[in-house]
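My questions all concern the structure below.
Labels for the chains are A, B and C, by order of writing; each one numbers its residues from 1.
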């Protein structure tokens, strides 16, 4: 279970997230929507502490996973990031072979057994629905794959280290419609085993894949509720405007 | 989900086992790297400090303005300073306009044409040619074939060729930094290409081009190998009067009194002083260049 | 009428401006090609002078080698001649003749055989006396000026020495350009010396340079970078003669004491100085390449639970590998071409390199040390130009390969 309590976040003087409270259940898909620059990606990146990499940022409040504050001093960032996987907006495979891309996370986490690695790589690629397409060219460079395949490879790479939570930052925004629908099917299938949080600018996508949706605007969480309710009967007028504005 | 199951699945976020080991490795690696950084800075401080500490005592007005005496074991380095100055001025008179024009040609006339790519590759190669090879070439062409003999002009031309790539490259970079809107704006007002270059582009790129000139001066004043056989003399009793005269030069002077003077021990202080003067020139040129660069970038902001 | 005149006036002004414009543009174009012209000129001059060496006779110009007419030996090469006159080769059987002791004879020795007045007032009897000496000794190998050869050549036999060959130059192990009668132009020790010193210099500079490059691109904060960057530029700006001086007064004694050597001017001292001089090149190029690693790659690695160090050596360094190779190559280029510093600290003994703790001599140092004494147009002069050609070609290969390597990196992105 993921929880944000009174989260405020600053880039220098800029107040990027304002007093956000949210709870996400296990094995659900939560979507964040909102206009660009509204803070949804920033919020997502709090949960594997990716924002730590940016200088001059500040956080107040608590981010909890299974009741543990992930910003606590005793928490190992590296361990956290292993448990909370992330898929980025643009496919970002390493300049290595397909196999090595998926095996990377295993290797940096100290796995040496060749057989075990091979098994996990295959399993992850199958989970990401990519196995059949690449099983004959695992030694080829990941850059030889199409954009959609690369993104699924990145998902497989994230799955290989068996995270509990999967964060997805607009995973389909750089892809064509067919690849996008493949990714969406994948998200639906992965829900059984993972807690998924996805940022998207595409509201149809949010409505298709998610159980709950949060609507962000200007750093505030305007509304957070069940996806169906959000799209059919939102509580706030701003939400209504945004959803209809986009569609209409 | 039930409470008990929740706990069972609870994440282990504390570092342990392998994790601690990788953290240790990282610590060791980072400290090694920091140490290497300190070593390099230490080397720089060591060299500079050594020359400054030993040379500072020698440096005086007399040292800078008097000729060497008693077989270069005492006196000053005035003729060497004058000689280096002649070579710097001579080489810049030759290389600066030529390099700037080449830069203009490459950036304003034939951008991204294959000729420009070829010229760029060749210019890169030119800057990779060792200075002693320039010395050989200068000797063959200027000293022997053209018959200048060992002279300021032969040395200046050789040094000019050596720094030409620096001038070309900085000019090109400077011109690239000028926004294209300046060009189209000027042309739209009916100015010809040449007018645009002289009235709009060059003035706004000029400070950056000047940094190239300054860096080239820094380089020229310290080079020894190219002038070894084209310009310098071991010792000259009088200052040069024409561009066909030989000169003394600071770097060569340092080489001579450090390795083959009449009395190496006695001339050591002079060597320190000469080295210090050379370092001061380089330091001053670097500071000047970065000062100009900073001012320009502030202005453009 | 009035307007017509005005129009004409305007037109000519335009035409004048146009001519000026054309002229200036022509000037720009000409300058644009100047680098190419220079490189061509350098190539032409270097190779013209350098390859002249292979037209030079093995023995000094104006001299010949003579033997007794009964001697079956027809040819001798440069190194054979040198060894005979050094009394290292003592029997004709070693150079393809009879089992007879060789008696090397230099022209000046004639004055030991005869009294001054026997040559006549204008030395008109000198050729005859020389012929007498040669004819009188079956084992003789005489080194004589052509102008004093006797008109009647029946009593002597001239040995062919031919011209200096490519193998003499590239395969010769001795560099003795002023030895008589046959100067030795074996460039092998110089070529190997250059590569030897450069190689070990890079070996020393690489860990240091990579460390600093990693530090600057991955660990240092903005403020630290602002201090380091100009410091390294400064390191690059210090004239090589100052490095040489520093090496001479600090490093050389240090090396001598530290390793308890008879002299401190060794290949190792050269390596240390060259390593310091190659550092800025390596640091700047490698750091640039590493900073070019996209943030997305780093984020991907970190998000999989890699530590920062794992990210550096598993993602950043492989990603920047071609840039790093370019850095190494350019560093070698810097070391190979360096003249003054090496000249001042390596001791300059033209011997085949065997140990780091012995004096050594590089190509640039040889040129710098000897060009001043080599008479223009002579074999020695030409041989130095040929060395220049080698240096030129080495750096050309280095520049081109650095270019190709970094192009590969650009394509990979």
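We take it that a residue touches a chain if its C-beta (ideal position, glycine included) is under 8 Å from a C-beta of that chain, and two chains touch if they have at least 3 such contacts.
Quick caveat, the model's predicted, so the values are computed rather than measured.
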Category of the chain touch graph - line, ring, star, complete, other: complete
Innermost chain by mean C-alpha position: B
Whole-Å gap between the CA centroids of subunit A and subunit B: 50
Where subunit B and subunit C are represented by their mean Cα positions, the distance between them in whole Å: 23
Whole-Å gap between the CA centroids of subunit A and subunit C: 59
For subunit A, residues that touch 2 or more chains besides their own: 78-79, 83, 108-109
Multi-chain contact residues (two or more partners), subunit C: 307, 310
Where subunit B touches two or more other chains, by residue: 22-23
Interfacial residue positions of subunit C with respect to subunit B in the complex: 17, 20-21, 24-25, 27-29, 31-36, 38-39, 41-42, 45-46, 49, 207-209, 211-212, 214-216, 219-220, 228, 230-235, 237-246, 248-250, 276, 279, 283, 307-310, 312-313, 330, 333, 336-340, 344, 364, 367-368, 371-372, 376, 384-385, 388, 391-392, 395-396, 398-400, 402-403
Residue ranges of subunit A in contact with subunit B within the complex: 1, 25-26, 65-68, 70, 74-76, 78-80, 83, 108-110, 164
Subunit B residues touching subunit C - in the complex, by the definition given at the top: 22-23, 25-26, 29-30, 32-37, 39-41, 43-44, 47-48, 50-51, 98-99, 101-102, 104-106, 108-110, 115-116, 118-119, 121-126, 128-137, 139-141, 144-145, 161, 164-165, 168, 192-194, 218-219, 221-225, 228-229, 251-252, 254-255, 258-259, 268, 271, 275, 278-279, 282-283, 285-286, 290
Interface residues, subunit A side, partner subunit C - complex: 48, 50, 53, 55, 78-79, 81-83, 85-86, 88, 90, 92-96, 104-105, 107-109, 154, 157-158, 161
Subunit A-facing residues of subunit C, complex: 221, 294, 296-307, 310, 314-315, 318-319, 412
